[in-house]
Every structure is written in structure tokens, then in C-alpha cells.
Amino acid sequence: MTAKLIIDLAKCKSQGQSGVRCSYRNHPENKGIDSLLEMARFALICHRCEAAPCINACPRQALEKAPGDGSDAGVLKRANMLCTGCGTCAIACPFGTIYTDLIPFPSSVCDLSKGRLDQDGKPLCVATCSDGSIEYRQVDMEKEDDLVEIFEGIVVRVVGGSRWEPFLRKKEKANK
Amino acid sequence: MNQEELDNRLAEISDKLIDTQRISDRRVFLLCESENSFAVNKFLFQDLALRFIIATGIDSDSCFEVLYHYSNDETGCIVTVKAFIRDRENPSMESITPILPAAEWIEREMRDILGIDFINHPNLRRLILSDDWPEGVYPLRKEVKK
Amino acid sequence: MSWKMKALKKSVWVFHVNTGACNNCDIEIVNLLTPKFDVERFGIKLVGSPRHADALLVTGVGTKQAAKRLQEVYRQTAKPCVVFCMGACAGGGGIFEGAYHVAGPVDKIVKEVDPNAIIAYVPGCPPKPEAMISGVVKALAAI
Amino acid sequence: MSVLANVLFWIAVVPGTIILGLIASWIVRKVSALVQWRVGPPVLQPVYDVAKLMGKEILVPECAHRAVFMFAPLAGLAGVLLLSIMLWRITVAQSAFMGDIVVAIYLMVLPSLALILGSSASGSPHATMGTSREMKLVMSYELPLVLAFIVVVIKAGGSLSLADIAQSTPVWSISGMVAFLVALLCVQAKLGYVPFDMAEAETELGGGVIMEYSGALLAAWKVMHTTMLVALPLFMVMVFLGGFGVGSAGAVAAGAGKYVLVVVLVILIKNTNPRVRIDQAMKFFWVYCSIALILAIALATIGGYYGIGWL
Amino acid sequence: MKKSVRKPILAVGPFHPLQEEMEFFQLTVDGEIVTDIDVRISYNHRGIEKLSETLQFDQVPFLVSRVCGICSASHPLAYVQAVEDIVGVTPPDRALYVRVIINELERIHSHLLWVGLAGHFIGYDTVFMWAWKYREPVLDLLEKITGNRNNYGNVKVGGCREDVPDEIIPKILQELDNVEQKTEMLAKAVLDDPVLHARLKGVGTLSNKDAMDYAVVGPTARGSGVDIDVRRDDPYAAYADLDWKVITQTEGDVFAKAVVRLLETFESIKMVRQALKKLPKGPVAAEVKEIPPGEGCGHAEAPRGETFHYVRSDGGNRPVRHKIRAPSYVNVPSFRASCIGQHIADVTITLAAVDPCYSCTERMAVMDSRSNVILDYESLLRLSREKTAKIKKEIGSPELKLEDL
């Protein structure tokens, strides 16, 4: 059972983690948690509207929906080479799932602090997270019900499982 | 020396290499430990007579990497020797300037900006940093912010 | 205006100082001497020593190594003299602003030596020769 | 002429020469620019240059010998002005005295000596290099210059006064022509123009003799240089081309024409030759010029002895 | 910086090493012959590689075109090809042709600049004035196409930013004709001038073996018989389907390098004409959404030689490591081979033969080991011009008159 990073969207303050620090060394002021939050919000909170206003509003056509009909059909994908972080999609989104500070122009990268865990085996972001919404421990997917693995090694807890039912994927393995 | 001949000549030194990656028909990466990088470079420059382009020093997470780029001009293929220096405290490596004069400047530059020490380099003086730059601060290391 | 300033306006002797530039501004400065933009018509002459110069054409971003020497040259130019920061690099670091080997924009380096130095800026990367000429003319008109 | 006009004239001579010099230096710069398809400076450019330099701050290097450093340009300027006043007196007031040509030669050397004095006093190792070249240059062209004047004196029947020399217009004879050409090259070297500008050249290129000067002192050097541009051709005209007639307007025009001819010759040499190396220049002056002049002297004496004018 | 036995180093410092300080060459001489050469190049180090790690992939071409003024089209092209090497995208055909046009026009004006400079160093100031005068129309052409005389910033990952508008193509072709005619006149004058032959032949020779050892590139290598040219060996952009030939000489002296550069200019003019005629229709850029993690190398033939860029990315939109190698980085150290044993009068032209950036050649000082008097750049320049004058006198050729050109 490898350790997974668990993000609790309910506890996590919506306007992004100000105090969190990231141990990723390759880029200055890199905050990997932001890119994870962005993926989590696109995967779970975004309503995947048919006539997606965000995609039409984007001046650079940087947003597109994942094709196919599987459980993650229609999940939004942001091309970080085209996106300039202008925030038009945040304004256009009727449900306010996109936050401008989650789509920075220089995008950040998270590699789950491979090889850089601190003494008690936790990544830096867990230690520096102010509202305790990020944990890093072994987790057994079957036992806890409101966890969804949106990406290899990244699990998101969504409170009030039933309300999210329509988009909550059945507990199969996360896609690549 | 055309492409196939280059490939099977490269196979001769595969004992010293960790791995040979052929990214595309004109890009070949030879991964090796820093200890036997001198032998691989000597083989490429003297036996295969490839033209030395430049060397790149990288401060990657767990180790220092020094990439020597060579070009085989007939086919335009770029052969890169990627040497890993595991020891991060005082990284050092065998200098290839004695056999390849063109590498003198780049090895001095790597020592300036990355702190990699090159053993028996003919004149390892400071090259590109200013005279009043503090000793021991290596700008291209990741922890030094811009 | 004193006759000295009037004469200074008509005959500017220029000394070119490169503090780590990519050569575009240097080439545009030499372009000023060639037949197409000939600056000798305005009495502008490229002299080889800061002693004779009235204006310092500073190009480049002011690297740490070059900064001390720029201050040395400024001290030795006969005052009154104007410092022309040619191009975006000299004006405020340009695209290299904030790099680790850069000792700050050129005007800060010169101001360290003489706080009330007259500094003129010619923006552009590289500034067109016409822009350089109009920059020099405007600066002199403003003294 | 009434006394007042006379006094006024003699007061106006010095500034007049300086202004004439500025105009001559403008002509030189304008022609050089036109050769390179460039427009070249406006007429009043030399005036602006000098006025600006007067307004500038004077910097004296720390290790320089302060007094000599300040005094040298003034001495050079005084020498040249004295020479030009003397020449004007001879032409306008017809008061040539015996031996005035010797005084003129002496005064002509003064600027070069001042240049050497000034740059060595400036204490910069760099300028000393320029000084050594200037010294070599002076030594190399003084000998042929004096030989040229000996030829002229012989042609004028041994009299040392410029008035008699002017009468005999030595240039129409072979030896006189040779002497004129060599003297012209010596003037070129004295003015410091290409191809003999090893010392001065560095001023444009940056190193050089008067590199350490700035402000008013540099203005003094520039004015000295431009006034030499008046005095030396004037002297050449008087010695070789028969001097200036003052009586009628025609004579004055002829005199001015000769002066312009000499200046044009100087410019021509300046613009068509690349720079010559210092040891080459010395060899040129000492070997070629001296031999030519010794022959000219022989011709002149034979001519004088047998009374053949054109020899 | 002035060391002199008699005089202490003056606080005033008559010789200002900063006279356009890029690299500072200190040559130790014994009498007239250069015995040792030492270079100090930190004056122009601006930390570009560290800066490019903070810029996004599509912003880096603007930073990279400011590495060197006169090869500001080849550096961005080499970088973009390195990133395209990672992504695996190939730009549309029209973009490949536009890239060839811009690079070859830049090669023309860079070689003309060099011819002018070489003339300046050996005393032909008229050649200097004309070469730079004939260079102006090429700069105007580039300004018409890309909007700036240099620093074009016309390249991005996946193609070009601006397209060459079709209506100005006839104007470009007509402008090219008179540039070619003028360059021909200049080349004929420069190559047939007996003084130049005597002055540049056998000067600063770089033997074939030294060229290999010092891994020199570009005209410096092609002048010594090393037949390398990235445009033909590893054809990028649209060089594969244009017909042109690589010029090489074998003597390896300054004259050979001058011949290589001048004939290359004509090849470039030929190439621009073909590229303009064959300019295909279609889009100018392919859309690149994401840069996958990986590493890539790209190289291009700049006027002075091969520029090499290595880029490593980690999936984000900023490079993790970006290595830049300008051609002068390997050409300048080759002075150790071509300059030592030379007469000091030939030093300026030997250094200029490698055509380092314009202001690099201004930084020279000679320490005479015996008398320790330092000859500075100006005296070296004058020595070089005097040597030309001496040769001119021996050969007795008339000064380069305006009319006979």
C-alpha cells in the first residue's frame, strides 16, 4: 500500500493555500498543491456543462474537454503552453469552479516530493498547510467511502458523498 | 561514418555505460557513471573522431549530471554522454581538457557556476564570474534563487 | 542660457562604454558614423578617451565585473557630462533585469558615484539610430 | 594709413589668425567627410568645439607634474601666435629683418616641443608612448626642413631676410621645387596629419599624446593645432611661392590663392594615404629627403655661381 | 590595469580597460612576436541560463535572441528546434521557409558587417564605410519583414509568429538584386586587391588539426578545410530542398576566412531568392498545447558557426535547464593556436578573423615581457594599419580610389 496524498476539499479554504510551501526544486516559487487543486476541481466540482461557457470564453482556446464517454468524459483540460492566466474562464464559469489563483501563468509541477520527504515521512506541503486539509498516509480505498483517486497517488475526499453522486466515480482505479 | 557504423561502434563501449537511449535517428544518449566518463569521452573523441560541441552541467534532485555533447557531422547525429555524479557534497570529476583543448573553458565555467571540481584540469581559474563574486556561491544550483 | 551650454549643444564629443551588452546597441552606435546616419553634421564625434568626452554612451546591463570600471570612467570624464543609457538594458536592465551577475541598472551604478549626474535614457532594443540621434538632441535641449 | 587704423589692425591680427585657422580646419574636416560620402560638420563647428572645451572642467592627473602640465599647451599656443604675428608683420608692414627665417624655423619647432613636454608631464605610461613617437617624428623631419631652407637661402643670393627670398620665388627652379615638396611633407608631419600622424592619430583613436588633457587645456591644444594650419602654409607661401603682395586687391587675391593651394595640397595628402609606421617615416625623411635636398643644394650653388636662374 | 615598471598604477588610469569591455585579451609578447594569450570574459556574463529557467517556453526566444546582437535569428531558431525535439511537432512548410529567409538575410548583413570591420582593422576606412552603407538596405528589408532591424523574435515553438506578407515579396527580390550587385562590387574590390592578398595571406593560420582540436565551427572551421555546416549535415528548416553549396578553403589563414564569408554571402542571397519563389501557402504555426517531460538538443548555423541549445523540461511550462553555446565560445579559445607566434601588427586582424561579437575585438592589451610597456588596442590597430601602408608602398598599388570601384 503506497502512501497517497489526500486532499480534503471541504476543509481546504477555497481561495487556495497561501501559506503552503513546496519542496520542488526545479522552479522558483513552485507550488505543486495548486496544480493538484486545479485537477481536483476540474475532475469533481466542475459540472461539465454541455455548452461550456469557459471553453468558448477563452481567448487562447487553451481549455478543452477530454473526449470519450468513460467516467472522466468531459473533464476540463488546460493547455499550460497556451494559457496566459488571464482569468476570463473564471468569470465565464456559471458555477465558479475555476479560481484565478489556481491557474497561474507559470504553471507549477508536483512530483509528490519523491525522495524529499521530511523526517516523519511527510512532504513539505503537508507540514506547512495551515488548515490541515492535506494529509499523506497509507489509505485503504475500500474502507473510506468518500475518497476518489483522481490521479496516480492523489486522492480527494469530497464531503457529503451523496450530493456529489452524479459525478462521483464508482470506486474503480483512477485513470492514468 | 554513417549511422549503422556509428551504432555498432557505440556498442563497443556499452560495458562502461549504464544504458544507451536512442531518442530519434539523430539523437543518442549514453548514460554512464562519472568514474568511467573519461574513458567514454576519450573513445568518442579520439576513436570515433566526433566533434565536441559543449558540456552541460545540471543540478538535478539526487545528483549532479554532466552531459558532454558530440556531433557526428556526416550524419548530423548528436551523441550525448550523460555522466552522473552521485556525491552532492563535493562533486568532482576527471577533466577531459588534457585530451580535448576545446573543453577547457566549459569545464572552468561549470566549476564557477555549479561547483563541480575537475581533477587535473590544466588551468582551473575563474572564468565567467566577476572578481568580487563570493567564493562558494554557485549560481546555477537550484537553491540559489535568481 | 550661458554660452558654455550653447556651445556644448552644438559640439558633443561622445565616448562609448559597454557594460556587458549584446552588441546590438554598440553596432547601432557605430552605424551613426556611417554615411546613412552621419552624426558629424551635428558636431557629434566619437572620441577615444573619457577625458575629451562630454557624453558617455553607456550600453549594456552593467554586470558586476563592469560596474566598478563604469564608475571609474565616469569619475574621469570632464564635467559637465551627460550619461546616455542606450537601449532597454542600460535604461533598466531590460530583459536581463534581476539576473544574478547584474549589478543593477546603469543609472543606479552612476548615481552611487555622483548622485546628481545628468542621465538621459534612449529606450528601444536596440534603439534605432534615428532614435539615438533624437535622444541626444532632446537631452541637450533639456539641459 | 592713419595711426588709429594701424593700431586697430595689429590688435585684430591675433584673433584674426585664430579664426582663419578654425575655418581652415573646418575645410579639412569637410573634405575628408565628403570623400566618404558623408555630409561633414557645419561651418562653425570648430568654433563650437573650442567654446565647449573652454566651458569644461580641467582635470589634472594625480601623478602629473602640475605646473608643466598646465604650462605646456600655453607655450605651444604662444609660439604659434608669435610666428603668425611675425609673418603678418613681414607681409603687411614690409618690415622683414635679416635672419627672420631662422627665427621662424625656431618658432615652428616650439609647438612640437610643447606637445612632448605636455604629454610626458601628464605622467601616464600610455602618453609616454605617444611622446616617444612624437620625439622621433620631430627629429626625423627637422633635418630635411632646414636643408630645404638652405636651398632657398642660396637661391636668394645668401640673404636671410624673407623679403629678398620672396622676390626670388625659388619654386620656379628645379632645386626650389624639390625643396618645396620636401618642406610640404615636413609641414604635413608637423601638422600631425596622416600619413605622419602617429602621435596625434591616437587622439582620434583614443590613446596618444594629449589624451590626459581636458577642458580649457585641450582647447589650447586644438587652437594651437588650427592656428598652425594658418601659420605654416603662410610661411610656405612666403618662402617658396613669392609671398603676398599687399598693394593692390589683385596681389592680395593672388596671395590668398597660393595659400589655398597649399591647404588643398595638405588635404589631398591627408585623404589619400594610410598611416605610415614611425620607423618607416624616419627612414623616409632621413634617407630619401636628405639625399634629394643635398642634390638640390648642389644644383642651387651651381646655378648661383653661373647665374642660371632655373637650375 | 596598467602595469609599468617606472610608473605606479595610476589612480587616474590613463588606459581605460572598459573601452567596450567584453573580453579582455592580454597578450604577452617577446619583441614583436606574441608568446602567450590570456582572455578574461566575465564582463559580459549576464546569467542568461539561470534567467531562462524563470521564463515560460514561449518567452525564452525573446531572451535568447539577446545573447548576441548579430546572430539574433539563429539562437531562437536553435532553441525552438530543441523544444520541438522534445515535443516532436514539425512546423508547417511555410514556417520552415520563413525561418530560412530570415536566417539567410541575417547572415548577409552579418558578413557585410564583418567585411567592414576587417577593412577598418587593416586601415581601409573607405571599405568600412561602404560595407556598412551596403548593409543598411538588408537591415531595412528585415525591418519590413519582421518589424525590427535585429532581435526579430519571429520564432516560436511550432512555427513562426509573423508571416512574410506576399505583396512585399517582389519588393524584396528587387532589393536583393541591388544588394547582390553592390556586394559583388565590394567582393571584387576586396578579393582582388594585391595589398590585401599580401596583408592577409599566411596571417593567423589555424591548421586543420588545430581546428579539429579546438572544435571550431562556422567560417573559422570552413576556412581551415573542415567541411562542416549544420544546414547541410543536419538539415533543419527548409534547407534540405534548396540547392546551394558549402564554401570551404584549405589555407586556414585570414584571407581564406574572408573568401569563405564573402562567397557564403552570395550563396545566402541565392537561397533567399529560391525560398521566396518556392514559398508555399498555408498556416505559419502549429499549435502546441503541452510540453511533455523530456530533453532535447537543437542546433542551427549562425553567421559565426553552429549555435547549440539543450533544453530539459519536466511537464510544466518552464524549462528546467537550458544550455546555450554561442559559436564564439569555441572559436575564441582557438586564438591560442592561431595567434601565438604571430607578429603583433597582425593580432587585431587575426582576432577579427574569427569575427567575435563586434565589441570583443576592442579589448586588447599587450604586455611586453621585457620593457613592460603596455601597447593598448589603439596602438595595435595602428600597427596593423601601418603594416598595410608598408605593404602598399612595396606593391605600389594606388589607394583604393572611389571611382574605380
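Annotations for the structure displayed:
Going by the order they are written in, the chains are A, B, C, D and E; count residues from 1 in each one.
By our rule, contacts are C-beta pairs under 8 Å (C-beta built on N, C-alpha and C of every residue); 3 or more make two chains touch, one makes a residue touch a chain.
Small disclaimer: the values here were computed from a predicted structure and weren't measured.
Between chain A and chain C, the least number of touch steps comes to 2. Under the contact definition, chain B and chain D share the contacting chains C, E.
Among the chains in view, E has its Cα centre nearest the centre of the complete protein Cα set. Centroid distances built from C-alpha atoms place D farthest away from chain B.
In this structure, the chain pairs D-E and B-C differ in their number of contacting C-beta pairs, and the larger number is found at D-E.
Note on chain placement: the centre of chain C and the centre of chain D lie 36 Å apart, centres being C-alpha means. Centroid to centroid, with C-alpha atoms defining each point, chain A and chain E lie 49 Å apart. Separating the CA-averaged centres of chain C and chain E is a span of 25 Å.
Remark: chain A and chain D have CA centroids separated by 87 Å (rounded to whole angstrom).
Under the contact definition stated at the top, the residues of chain A that touch 2 or more other chains are 26, 28.
Each of residues 129-131, 139, 146 in chain B touches at least two other chains.
Looking at chain C, one finds that residues 35, 48-49, 63, 65, 76, 99-101 touch two or more other chains.
Of all possible chain pairs, the ones that touch are A-B, A-E, B-C, B-E, C-D, C-E, D-E. Only residues 12-14, 16-22, 42-48, 50-51, 62-63, 66-70, 72, 113, 129, 132-133, 136, 149-151, 357-359, 378 of chain E touch chain C when the two sit together in their complex. The part of chain A that touches chain B in the complex is made up of residues 25-26, 28, 114-116. The touching residues of chain B, counted against chain A in their complex, run 61-62, 142-143, 145-146.
Across the complex, chain D is touched by residues 2-8, 10-11, 13, 35, 38, 40-41, 43, 47-49, 51-52, 54, 76, 78-80 of chain C. Within the complex, the chain B residues that touch chain C are 129-133, 139, 144, 146.
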